[in-house]
Amino acid sequence: MSELLRVEELIKHFPAKKRGGLSVRAVNDVSFTVNEGETLGLVGESGCGKSTLGRSVLRLVEPDSGRIFYRGTDLMKMRDLRKVREKLQIIFQNPSGSLDPRMLVRDIISEGPRIHHRNVSRQELQELTGRLMREVGLSAEYAECYPSELSGGQQQRVSIARALALDPEFIVCDEVVSALDLSYQSQIINLLEALQTERGLSYLFISHDLAVVRHISRRIAVMYAGRFVEVAEAGELVKHAFHPYTRLLLRSIPIPDPQCGRRGTAAISAGSVGIGQAPQTGCAFADRCKWARASCREEEPPLREIAPGHFAACGLV
Amino acid sequence: MLGYFCKRILLIIPGVMAVILLIFILMSFLPGTNTARMVRYADDPREQAGSLSLLQQYGKYCYRVFLHQDFGLNDLSGLSLKKDLLHRTGITVRITVISVCVTYLLGVPLGIYAACRRGRWQDSLLTSLTTFFSAIPSFCLALALVIVFAVRLRWFHVIPQDPKDELIPLAVLVVIGAANVAKVTRAGMAEVLEKPFVLALTSLGLSRRSVILRHALKSALVPVFSIFNTICAQLLCGAIVVERFFSMSGLGMTMVRAVSSRATTTLLGCATVVALIMSICSVITDLLFVLVTPSLRRTLSFGSSMRRRGGRGKI
Amino acid sequence: MKRKEQAFFHNLVAITALIILVLIVLFCVLYPMFADTTYWKISGERLQRPSLEHPLGTDNLGRDVMVRMACGGRITLSVAFCSGLVAAVTGTVIGIISGYAGGGVDSVIMRLMDAISSIPSLLLAIVFDYALGMGKGYFLFGIAIAGIPPFVRLVRGGVLEISGSAYAEASRALGARSLHVIKEHVVRNILPLAAIQTTTSMADALTICTILGYISVGINPPVPEWGALFDTGKEMLRAFPHLSIVPAAAIILCIICLYLLGNGIRDSLSIRGGAA
Amino acid sequence: MNEHEILLEVRGLKVSFHTPRGIVQAVGDASFQVRRGEVTGIVGESGSGKSVSAYAILGLLAGNGKAEAGSAVFRGRDLLPLGEKELRRIRGSEISMIFQDPMTALDPAFTIGKFLTEVLRSHDRTVSRREAWRRSIQMLTAMGIRTPEDVMRCYPEALSGGMCQRVMIAAALLCGPQLLIADEPTTALDVTIQEEILSLLLQLKEKQGMSILFITHDFGVVARLCDRVAVMYGGYIMESGSVEQIFHSAVHPYTQALLRAVPRLEDDGDEPMEALAGDPVDLIHPPQGCVFAPRCPQCSEECLLKRPLTADLGDGHTAACHFVREGGGIHV
């Protein structure tokens, strides 16, 4: 499986709103690779920078520095991204927010081809949107509707159809199923998996729900305060999690089975008032970590390989 | 906070000077009148008539206005503008200030009442009334009131003689102002009442009255106070029309006569006074805005220390 | 799922408002052509009662009131529509520039708009008319400029909200340049808002224009204008109230129709969500 | 099983909203109970009417909503017909509620201290300001907040999601209510913070015998917290019973389909997830027969025509489906 996308030392800081405030270090020196037809899962709490990372990879948000190699060519050096844009697409979380409320479904799906091939005829567009809608499981009658007339699951299918219109190779799925109900969640996941096998797509699947990510991705990266704290193969990560934050994450997920769901009630009392700014030096998780040592607070632990294909960034290695 | 407001008050002077400069420039395009001596002063030596350039005249005018309140000579009567202008301004300011206060006293409760009855007939009635009264010109309203009260019911004289007759002009201004304030209050309050914290407070057993008047109102007043500036501007326009309709010799009438008789000095004087009034209004707007917005109050040092001292003291 | 789009023509209220407006405009344009007298010719003795010959009677100089109302209407309505449109076009353009440029340009424009909206629009019109030559209609620009700030704020808000939205980001991801995003998404979503604001600013312009006519600024006496007609009619209020009531009624009717038209446009352009 | 006394008994609740597009039948027929010292969960997808049922109990329905039928008996008194005055006395002191998005559930213009003291004093005027401030701090400490004095003095915008939710729970428990209604309190929070809040609620149940009506769409949370469960769809209770009955011996096709659709940590990604086809119920024109019929894999002729009655399968386990017979067992 040849390498499709390689990201090296990607950094993105947002300037502080208030004068003298700390700049928000959304993405802090992140590197990873995605092979063809593979899904890389990305898990993390809200505010850990996973959405910013997803957008920075497509340069929808301009990263401060770093290199993004797509099939060998560095996207950061390219001035005109139009050609590459066809191959790299994104699907958003909020189904109704990511579709223009005043545009018909037919026009939304055909926007991609209309941008790239000016001279495509109405008849061809009609046929293309019909095929795409069948592929994502939308009946043709919805073509003439407004997005507000569709349910959440159907709107998400329209987003997927729009992304597929330009035959992409890599799709960033930013919390695609988080806003959907349980039954539509599994419908969309099955659809994504079917499309992956059919079209050989590779995904960067971003979500805060580890169970969903575990189901769909082959390798999973756990992100905290803008950095990768652990990267491993899905089953390996769930069974032998090493980094304290990953273990806390696994422990916190409520298991949908009463027998083994009844753990103790060790209410971890809340920390100090307000959202603590991640410490500037040392491991960002040091404040919440039970086994934090003095060394953890000084230098940031790099990602080290603790087992074949299993990386962790922790001072205790 | 105090430093912030001193700075704001000091900003008024440059603001008014900017307006004067704008008018001077506009005047210089004036076809026909010699731009050499736009402003006639009492102590103007005869021979020095045309020598001052535009900028020198502007400088002299500002110096005279701000330090000696000397607005120059009235082109028609040759009398000093100062006494005449200040008297006229007094009349207009008195009407405007009273109507602004009554506007807010009337408009805010109306807006709240309409917002609390969202979706029911009271809300749609009040909404259409406020839209109607805030749209029509003031003289149409004045005409309606005069016909009903003065002509038909004969309660008031058409031309106000005794103080009782000043009620109709005030009523005209208040109706227009209250319509605008009520419209904004209703919109602001309706938006706040949709917010989840109103439902949360109700579920904790607070009475509907305290939820609306103590909690929701505080957040809803932010837009209401931020349009204080526009309301003053509107009522000032209304005052000009009302003075004309009820022939009360206020600032507006002076300006209109100055325009028709091409009295540049008087017009300049009136414009300066209006600019002064509007600058004061915008300072008041900022004051009201800061009082209502908690976050702003906390960042401005004076506010937080005041709250701590006025609060519980040491627990 | 049948297309549930509430076409403008099903909205009875808006239709009647549009018809009334069209009738008024037609009356103002056509009536003087057929009437034998003109607005300045004295065609009978003064202050006649409304009769067949003079449907609205004559004013204090003996001129036919109906003709003067029609000619006055031409001026008032043309000023209102022109300054409304001028304010709409300039305001939208400035709004888009301010929305897209952001940073320094944006704050300068917004400060300018705050300054303009703090100056009473009447004063602005008076100064414009006085400074740029009496009676040449320069007050039109004063009214238009006073109408620009609400447009700029509306359009700027729309542009900021839309260009920041997920669907604009999605089309950027599809490779669209900002020009395409503006054409495809911004205009389509801003148009309805701008249409509604246009009718509102036309109504405001009508108000200011009639006020100017009333305080006899900008229009020289012989030329009829609804505000001026109201002013001349005011003196004979007790004896001949209709001389002021008719212009006032015409003004109010036009303003109401403009507002109803605006509401009609808003209802028909807002999308009816079908899904529960 | 039911040695605990029944605190709240909801029978045949029917709620509808009058909207310009027609009358929305948000809740068709909901019956559930909350026992003292137990957590009863209502599970369902969005639009299933689970939140509406809770709001109807406390009379917090939106302007155009109305509880048309049924009863909600709380300690012997039916709440639905009560007027605003009596309901106000019950809200906060006997039944309290916490909401989904904690950051927007607090009034941004008031400090936490002023908010808590006002809640306390609105129920009991005799309490002095100082006493109210002290009890508020005491309650915040009980909620696991280590620096209550600082929290009392700051504005909601300075607090994190988890912290706001703790303040909301403190406010809800300030006047010692018997029943706490929680409307998806942890959905908007991160998983780690959610675990803290769930443990806190479990502590309240075990240590202070607090009974909770918990509304959620997450089956993991149900397994973690609830003793009894009611599964809702399209405004009707599909199945209800104890947690073990629902998770291990569910009979209703909808419950079974949902349980299969829940993503579990231990299953690897080979076989595709069990997906439930079809679209949400149109609540303005609800189907004549069973609301789940259009999406039900075992849908029969009878399901489309007649709405199934709730059959009791014994030991508190009930289900509303034509394939379920009284006394247990599935009639195929």
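Each chain carries a letter (A, B, C and D) given by its place in the written order, and its residues are counted from 1.
Everything that follows uses one rule, which is that a residue touches a chain if its C-beta (ideal position, glycine included) is under 8 Å from a C-beta of that chain, and two chains touch if they have at least 3 such contacts.
Keep in mind the model is a prediction, meaning the values are calculated, not measured.
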| item | value |
| --- | --- |
| Reaching subunit D from subunit B through chains that touch each other, fewest steps | 1 |
| Chain pair showing more contacts of the two, B-C and A-D | A-D |
| Subunit B-subunit C separation of Cα centroids, rounded to whole Å | 24 |
| Inter-centroid spacing, subunit D versus subunit A (mean Cα positions, whole Å) | 31 |
| Separation of subunit C from subunit D, taking each centre as the mean of its C-alpha atoms, in whole Å | 53 |
| Contacts with two or more other chains, residues of subunit A listed in rising order | 151 |
| Contacts with 2+ other chains: residues of subunit C | 272, 275 |
| Residue numbers of subunit D (touch at least two other chains) | 280 |
| Footprint of subunit C on subunit A - complex, ascending | 55, 58, 60, 81-82, 85-86, 88-90, 92, 94, 97-103, 111-112, 115-116, 141-142, 144-146, 148-151, 159, 162, 165-166 |
| Subunit C residues within the subunit A interface of the complex | 1, 3-4, 165-167, 169-176, 180, 184-185, 188-189, 271-275 |
| Subunit D residues touching subunit B - in the complex, by the definition given at the top | 58, 60, 63-64, 84, 88-93, 96-97, 99, 101, 104-110, 118-119, 122-123, 129-130, 133, 137, 149, 152, 155, 157, 168, 171-172, 175 |
| Residues on subunit A engaged by subunit D in the complex (per definition of touch) | 45-46, 151-154, 181-183, 185-187, 189-190, 193-194, 208-212, 214-218, 234-235, 238, 248-258, 261-275 |
| Residues of subunit C touching subunit B in the complex | 117-123, 126-133, 203-204, 207, 210-211, 214-217, 227, 230, 234, 237-238, 241, 244-245, 248, 251-252, 255-256, 259 |
